[in-house]
Structures are given as C-alpha cells and as structure tokens.
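Chains: A, B, C and D, in written order; residue numbering restarts at 1 for each.
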Amino acid sequence: MSFQYPLEVRFRDLDGLGHVNNAVYLTYFETLRLHFALELLGVAHLAEVPFILGEISVRFLKPVFFGDQLQGSVDVSRIGHKSFTMIYTIKRGNEIVTQGSTELIWFDYKTQRSVPIPDSFRQQVASYQRA
Amino acid sequence: MSFQYPLEVRFRDLDGLGHVNNAVYLTYFETLRLHFALELLGVAHLAEVPFILGEISVRFLKPVFFGDQLQGSVDVSRIGHKSFTMIYTIKRGNEIVTQGSTELIWFDYKTQRSVPIPDSFRQQVASYQRA
Amino acid sequence: MSFQYPLEVRFRDLDGLGHVNNAVYLTYFETLRLHFALELLGVAHLAEVPFILGEISVRFLKPVFFGDQLQGSVDVSRIGHKSFTMIYTIKRGNEIVTQGSTELIWFDYKTQRSVPIPDSFRQQVASYQRA
Amino acid sequence: MSFQYPLEVRFRDLDGLGHVNNAVYLTYFETLRLHFALELLGVAHLAEVPFILGEISVRFLKPVFFGDQLQGSVDVSRIGHKSFTMIYTIKRGNEIVTQGSTELIWFDYKTQRSVPIPDSFRQQVASYQRA
C-alpha cells in the first residue's frame, strides 16, 4: 500500500568511516517524500507541494555501503488539523536498515503561515491507501 | 557550561528553496558532536571516539540563509548503561533556529558490539559540566 | 562503445539557484567513473581500483533541474606511461548538458607512489572499446 | 593582493577513502568565489552577482583530512569581452594542496544571455589588486 521507490547509494554518500553518512538518510527520506508527494497530490512541480518540514526522527539500524541495493517505502500515518506524519522505511533485501518519520506542516507560502489541511488531501491519502 | 562552536553556512548548504537543507543540520550536529567529543575525551583523532549513532531527532524552527552567523552548543543530557544522549541547539543571535538530540551507543569496533559506558566517561562529563 | 549509466537528479543536488550545483557534476562523474572501472577491470570492490584523481575539468553547458532524466557516458581517451584520461558526457535526451575529463594516475597504495600502467589495462580498454 | 578566506574541513567533506572528496573542492572554490565577489563588487546579496560558471579545472596535489587548517586565496587573472577568469589556491600551512581556475560569464538574468563586462568591473578589479 505504501509508496515504493528505489534508492541508489552514491560513493559520495559514504563518509570517512566507509558507510553511508547519517545526514544522507535525510536526503533519502527527502527523495521518497518528494516523489510520493508528486504522485499523491497529482502535481508536476515541487512548487505545488504545500507543506514544510517541522520535525524529523531517524533510527539507524544497519550500516549501508556502496553497491547496496536499497528500497524505500513511505506512507502517511496521521493527519491532524494543520500537520501530518509521514513514515519511512529503507530496506536492503528483507533487512530494514533505517526507519524514520517526519512531521509536515501545511503551509501557505504567500502569508508564510501554517493553515488547516484541506479535506481534499485526506481523500487523496485515503484513495492512495486503498489503491 | 555546554560546548560552543561556530557554524559557517556554505552556499552549498542551501537547497532549491534558497535556505539550508534539512539534511545539512545533521552535518552541523556532527560537526558539533565530533569537536565536542575530541575535547571531552581528550583525544586527538576521530578513530579514538568510541561511540556510534543510534537515533537522531531534529526540530526545524526557523529557516537559515547564506551569510547567517550561527552558534552551536552541545551537551550530554543523560548517561545510561550502554548509551547516552547529546542535545544540540543552534542559534542565530538570540534566536534558536534548530534543536535536536542524538542517542549514542558505546561501541567496541573490534567485536562490533555495544559495551557498557566506562566510569571514566561519567567523570569526564561531570568535570566538563562543572568547568 | 562508451560505458553508459543513468544518473538520477536528487533534490539535494540543487542549490539556491534552483539548478544542479556545479560541485555535483563531479559526483556524477565519480559515479560514472567508479561503475565503469568496476566493469572495465572486472573487479567487485572499489578497494581494487588502482588509480587516483590528478586533474579534472568540466564545461557547464546547460542548467539541469529536479526531475530531468540524465544519461552519462564515459570512455578512456588516452593511456600514457603512468596516467590516462577519461572523458565524460552527460546528456538530457539528445542535448549535452555537461562535458568533462579527468587525468587518472596509476597508484600503488602500499608505497604511496605512482607506478607504470600495466599492459593488462591497455588490453582491457582495447577489448572494451571493441565490444 | 589576492582575496584570502579560511576554509574549515567538515567530517562530511571526507569520503570513503578518509580524505576530502574531489567534488568538495568545487564547494571550497565556490565559497571563495562568492565571498570574494561580494567584497569585490561591494554588494550585499548573491542575487546581485552578475556572472555564471562556464568552465572549471582543478589540480589535486595533496590529500586533505579532517582537522586540517586550510587557507584559500582567489584572484582575477584575465578579463575578456564577456568572460573572465578567477584562479584559486588552497594551502595547508605553506603547502599548496589544490589549485584551480574558473571561466565566469557575465550574464543578464532577465534576457538569459551573456553580455559584455562593464568597465566598472575592470576598475573594481584594478582597485582591488592595488589595495
């Protein structure tokens, strides 16, 4: 049911310890989040994505190396009044290497303020989860 | 009492929205953590830092731009049996722009296992906090 | 004849101007170079790649954006006594967006010195180009 | 005479080989270029910097590590009709670790075309070099 997207590990993603650096997992989450948002909202451009990042948390479970084949999945786990939660899982084969979540805030760029989440979004998420 | 370190915003730290990208804050935290660890442990090389990252959480409070002067602070907030917590605050002047915390696991690289935190570390933290 | 590899543009590859940052093209070239080297040399691990980077040059022809589909190609254009040249082309459809070249130095990590390129490498390149 | 700026090596600048990754030198050059441009042009914002990057070349002379103290210098070496050249040197103490140059094209963002370099820029460069 969740949105799936493959993630390619670049050599530049490694750090001096020889495995993927912790900060790069936020880039992996961002890749998953943006591609999921474009599909979920049915929009073509990032400028039409109406939410911003409020909080993030990550659990680092296994080190990841150059050449590893990763598969990411992302889903909406909660929709509140003005914010909602996305959850992320990154796997190497059947092994979960990282998990995380983000609090996302519905945002009006014109007024630079958070605004209530429209019902249309709740319907898009529900339709997606049924698909 | 907490460890202080200035953080310079590079143009490369920005993303397509024109402000510092979310993943870069983990790099700022890493910079704070490593410089703090070298001072706290009294060691000269990163290879002598005996803990690894288990979990991280970040709250994004204000956008940060190229040219902003940032000041980071980091401290140890909890020491458990095999893991401890560092907390991070990044300020622009008197304004807090980001807060976060990391769970760090004491680790034996030879056996690739977590091990109990030695008492010497508790004393180093206590001495540091009194300084 | 040249080695081909697709390149995915991440949102993090963009900078404050909204297009792929100049430094990221070196990461794209590195991705092409390493995957080409593994195939050309018939080795499984980066640690077996016996050359280091001496010089690089890049021509930036067109801006690249999130969502663009890129195709990279790389080839060996010259083999000297201790160094050789790889050339890189990145295209979006039929349009060349970036070109570059790297001088690579055959290197003995044990003695930390450049060494003559073995004849086996000339044969591997010749076989590859005939393929 | 040249513009001087210190460069701090972040742990994230290292790659799996334990030294600063090649792409990061372009970020170091960018840092030097932008801070130099703001001073040379006497402007406060990057949006007022009226040139874009056409070509870049880098010579990698020595590996650089976490904790190294670097000093960068940058200067204008040539001013043509529509483009000019900046040259970069990065040192660790008295040792040059990297050198490079960039071809920069005077650019009108409104018309998206290269335009002739104004005489005022030649005077700014001449004044700077006399300073």
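Basically, a contact is a pair of C-beta atoms (placed from the backbone, for glycine too) under 8 Å apart; a residue touches a chain by one contact, two chains touch by 3 or more.
Bear in mind the structure is a predicted one, so any value in this text is a computation, not a measurement.
Colleague: Compare the contact pairs of A-B with each of B-D, B-C or C-D and report the one sharing over half of them by residue number.
Modeller: C-D
Colleague: Sort out for me whether C-D or A-C is joined by the greater number of C-beta contact pairs.
Modeller: C-D
Colleague: Where the centres are mean C-alpha positions, what is the separation of chain A from chain D, in Å?
Modeller: 35
Colleague: Could you please state the distance in Å, as a whole number, between where the Cα atoms of chain A are centred and where those of chain C are centred?
Modeller: Each chain's C-alpha centroid was found; their separation is 30 Å.
Colleague: Between chain C and chain D, tell me the centre distance in angstrom, where each centre is the average of that chain's C-alpha atoms.
Modeller: 24
Colleague: In chain B, which residues are in touch with two or more of the other chains?
Modeller: 11-12, 16, 21, 23, 27, 30, 46, 66
Colleague: So in the complex, which bits of chain D are touching chain C?
Modeller: Going through chain D, the ones touching chain C are 16, 21-24, 26-27, 30, 46, 53-60.
Colleague: Going by the contact rule at the top, pick out the chain C residues touching chain B in the complex.
Modeller: 11-12, 14-16, 18, 21, 23, 66
Colleague: Considering only the defined contacts, which chain C positions touch chain A in the complex?
Modeller: 8, 10-12, 27, 30-31, 34, 46, 66
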